[in-house]
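Okay, got some structures for you below.
Here come two complexes built around chain A, the first alongside chain B, the second alongside chain C.
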Partner chain A sequence: MKRLSLLAIIAAVLVLGSLAGFASEYMLGIGFTLFMYIALAQSWVILSGMTGYISLGHVVFFGSGAYVFVLLWGLVPVWLGVAISGLVVGIGALIIGYPVLRVRGPYFVILSFGLAELVKNLVLINDARLYKSLRPVFGAPPLEQLYLSMFILAVIATALTYWVRRSRFGAGLRSIREDEGAAETIGVLVARLKLFAFALSAIIPSMVGAIFIMRSGIFQPGDAFNPIVSFTMVTMAIIGGSDDAPGPFLGVAFLVILQELLWVNWPEVYMIILGALLIGFVLFMPTGIYGWLSERLARSRQNAS
Partner chain B sequence: MLLEISDVQKRFGGLVALQGIDFSVEEGETLGIMGANGAGKTTLFSLIAGHAKPSQGKITLAGQQIDGMRPDQINALGIARTYQIVRPFRGLTVLENVAAGALYGSRQEKDMQRANDFAMEILSVVGLEGRTNDLAGNLTLAGFKRLELAKALATGPKILLLDEVMAGLTPNEVNEAIAIIETCKQKYSLTVIIIEHVMKALMRMCERIVVLHHGEMIAMGAPDKIAEDDAVIQAYLGAEK
Partner chain C sequence: MDIFLSFQLLAAALITGVLYALISLGLNLIYGTMRLLNVAHGDLVMIGAYVAFMAFSLFNVGPLVSMFGAAVICGGLGWLAYRSIFQRMLSNSLLLTRLEENSLLLFFGISVIIQNLVILFFTADRQGYQYLSEIIEIGDVRLTTARLVVLIVGSVISIAAVLYLRFSMFGLAMNALIQNRDASAVVGINVDRVQMSSLVIGFGITGLAGALISVMEPITPVMGFPYTMSAFVIIILGGLGNIWGGFLAGLLLGFLEIFGIAATGPEWRSVLVYGIFIAILIFRPQGLLGSGKAAR
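And now, the complex of A and B:
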């Protein structure tokens, strides 16, 4: 059973990866968005799903990564630029996380949201000072390469969440989520673990941001730090289930399909439906689709035995 | 002396919660702490476990000063506490709760499998082996109390601080709890400090008892001496006129 699902995963990875070779532009575009959100939602889960520190401003890493990348554009090779974005934002997260993670609960949620807005405005002010309202990115790699790189990030992010969830590190993070004081009492180094999770959940979104900018062809602070990206990430993770790697996967698939259906026909109700879904899931299915499914499965297995 | 508490005082603003606390605990001993509500028993545990700093005085573990350290550092040195108001990780399974203790604490187990094995061993000692995969939030009160104990034990302590692990249990459950604690003490060569309102339990388990009253130590000694101590009787039953 376990070997079979591993084989299925490897096959899926190969098929999806090789799609870059022959799929249509439209399909690659959808795949790009799909993998982008998988990478983002998985990264969000590493911080917020595991520690319970709900970040409502995760776009800050996405936008900062994009900004660092665009500043480096033309100065370093493209993929080196992406890697440097990840590194710079990761280190930045370590520094900013230290004070930010001292705040808990709803205050952290507000702070994370505010942080994203703050960084956006700093970038806006800086660019205004330099008379640069838009920063175009000319000569980006073709869509096939962007698709493939986004795909790789999605795979890495998923593997990372899967590993964290089963590791000693993850056990510490999840105990922090349940009761931070009690976690400290059994020897969990809460401050260090939270900080590490914060930085870890920042790196991939910043690289995603860098690649996203190549696809859109232009850096605009309003787009790169768009709060909707944060909200979508959270919604996907919560709808899918935020306690393990399959959750965000299901959530992203569900929402991207919904988006494709709604965006085309009723774009004005899309956000309303997103909100209604989020409320519904939080109230009635707090463990998400995956949590609900695995609970079901466990119960039927218990009944069978 | 394993643990020494020297002339400790704790003030919360103008309120003196503890004053002149001075006793030591020998390795392998079971020391009881008794006193009415608000006498400062839990505060004393918080000071030992690092959740609060003494305003005055010193606490040492095997000669090393530990007051002022963080709870996780003190736990890593081998002091584990349970909470009177239980604090299980409700969203995790019973096994995950206990394994977390083994992974951190003073054991610092790096391997998940070994942590799980050790957690299983402890769960069978405290009698929760049948509920390993249930969510901790679904346990009964007696279950919570056992889980509290299991989590603390899993960290691999030398000294175990038990804060009213028997409160709210039925007489039957109290007997079981006493047996479990005695077993653990033998099996893991523990030193135990126990806060308890159930007098019978204290009398049976402890070599010595410290009595707190309004934040001060009014008596210390063997259980039978404590039961006859005038100051204790006065504090509990009021002065005889």
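And now, the complex of A and C:
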């Protein structure tokens, strides 16, 4: 059973990866969005799903990565630029994470949001001072390459969440979520684990941001730090279930299809549905689709035996 | 440097401060009695502003009358939100374990729904109307009559609300809930009723403030967001759930913002507000007036 599902996963990875070779422009575009949000939602789960430190400003990493990348544009080779963005933002997260993670619970949630807005405004002011209200990105690699790189990031992010969930490290993180004080008392290195999770969940979104900028062809602080990106990330993880890797997968697939159907013609309706879904899931299915499914499965197995 | 001593700036700071105090009062009540983090708070300001705008353009009714209508409509929304969502949530032990985070997600959903409904009905364009726009001079201060009226009405209502919460029987019950929810139930306070009322009153006051704000700035579906952020900065500055502290912090933030902008420039407004906010959260999360121990 286990070997079979592993084979299925490998087959799916190969098929989806090789799509870059022959799928139409439109399909690749949808795939790009799909994998972008999978990478983002999985990264969010590593911090917020595991530790319970809910970040409402995760777009700050996405936007900062895009900004670093656009500053490097033309100076270094494209993919090196993407890697450097990840590195710079990861180190930045280690530094700001230290004071930020001392703040707990609701304070952290609001702080994470404020932080994203603060960074956005600093970037806006800086660009206005340099007379660069928008920064175009000319000569980006073709869509096939962008699709493939986003796909790879999504795979890495999913594998990372899968590993974290089952590792000692992840057990430590989840003990923080259940009771931080108690975890500290029995010797979990709370501060260090949180900081590490914070940095880990920052790196992939920043690289995603860099690649996203190549797809959109232009960097605008308002778009790169758009709170809707944070909101979508959170909603996807919550709808799917934020305690394990398959959860965000389900949430993303569901919402990207919805987005594809509604975003262009009825963006307001899309947002209203998004809001209603968030409310419904928090109230009635707080463990998400995946949590609900696995609970169901466990119960039916129990009945069978 | 004499710009910082001008009465012009002082008047502007007072107007902003009074409105901030009023808006954050509602947020504080809701957090204090139920531990709900209302991130849709600024959207009530927006609804209040649209109510005043519609009343003026359709029926030629001024904001001084329609502000009560705005209060009633927003209060009604508060009732609806309590009955449909939060009553259920507050009695569900599974959701109570992470009440603040969950409430924040719920209000986030509500905020998105409200904003997009308003865009669907009124488009995303900015609206506005002219009301008492002639300029009057008091000493060397020049301001529109509308702003003067906002200052007076806003002060009266916010002071009345603070006094009411301090001295009336009902206000005392709310304060009891803010201090200790379980103990209040034990001494015979109807917790459910007080919770619902604080949501209704909190929403209503904010809608009223929105009607006042509509005479001073353009009305858009997203105008509420800066007020949400400011209100959070204020109630954290004053200590979460501390009504009197929040009132003072509202005035303080009004002054910091207006004088800060005068010193730097309007593009620094957000950086200023978020900067204060982050500094407070990291260095003094119990608030300026709070006691030594952190709130959690």
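Here is the rule we use: the second predicted complex is superposed on the first by the 303 of 305 C-alpha atoms of A that agree within 3 Å, B and C clash if a C-alpha of one lies under 4 Å from a C-alpha of the other, contacts with A are read in each partner's own complex, and residues count from 1 in each chain.
We take it that a contact is a pair of C-beta atoms (placed from the backbone, for glycine too) under 8 Å apart; a residue touches a chain by one contact, two chains touch by 3 or more.
Source: prediction; values computed, not measured.
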item: When chain B and chain C are modelled together on chain A, clash or fit; value: fit
item: Contacts of A:K132 with chain B and chain C, given as first, second, both or neither; value: neither
item: For chain A as apex, the angle formed with chain B and chain C - C-alpha centres, to the nearest 10 degrees; value: 80
item: Which of chain B and chain C A:L189 touches, first, second, both or neither; value: first
item: First (chain B), second (chain C), both or neither touched by A:G114; value: second
item: Partner, of chain C and chain B, that touches more residues belonging to chain A; value: C
item: First (chain B), second (chain C), both or neither touched by A:R299; value: neither
item: Minimum C-alpha separation between chain B and chain C after superposing on chain A, in Å; value: 9
item: Overlap of chain C and chain B interfaces on chain A (superposed complexes); value: none
item: Contacting residues of chain C [partner chain A, same complex]; value: 37, 85, 88-89, 94-95, 98, 100-102, 104-106, 108-113, 115-117, 119-120, 229, 232, 236, 267-268, 270-271, 274-275, 277-278, 281-282, 285, 296
item: In the complex with chain A, residue positions of chain B that touch it; value: 49, 51, 70-72, 75-76, 80-81, 83, 87-92, 96-97, 99-101, 103-106, 108-110, 112, 115, 151-152, 154-155
item: Contact set on chain A toward chain B in their complex; value: 166-168, 171-172, 174-175, 177-179, 181-190
item: Interface residues, chain A side, partner chain C - complex; value: 52, 54, 56, 99-100, 102-107, 109-111, 114-115, 117-118, 121-122, 124-125, 128, 231, 234, 238, 268-269, 271-272, 274-279, 282-283, 286
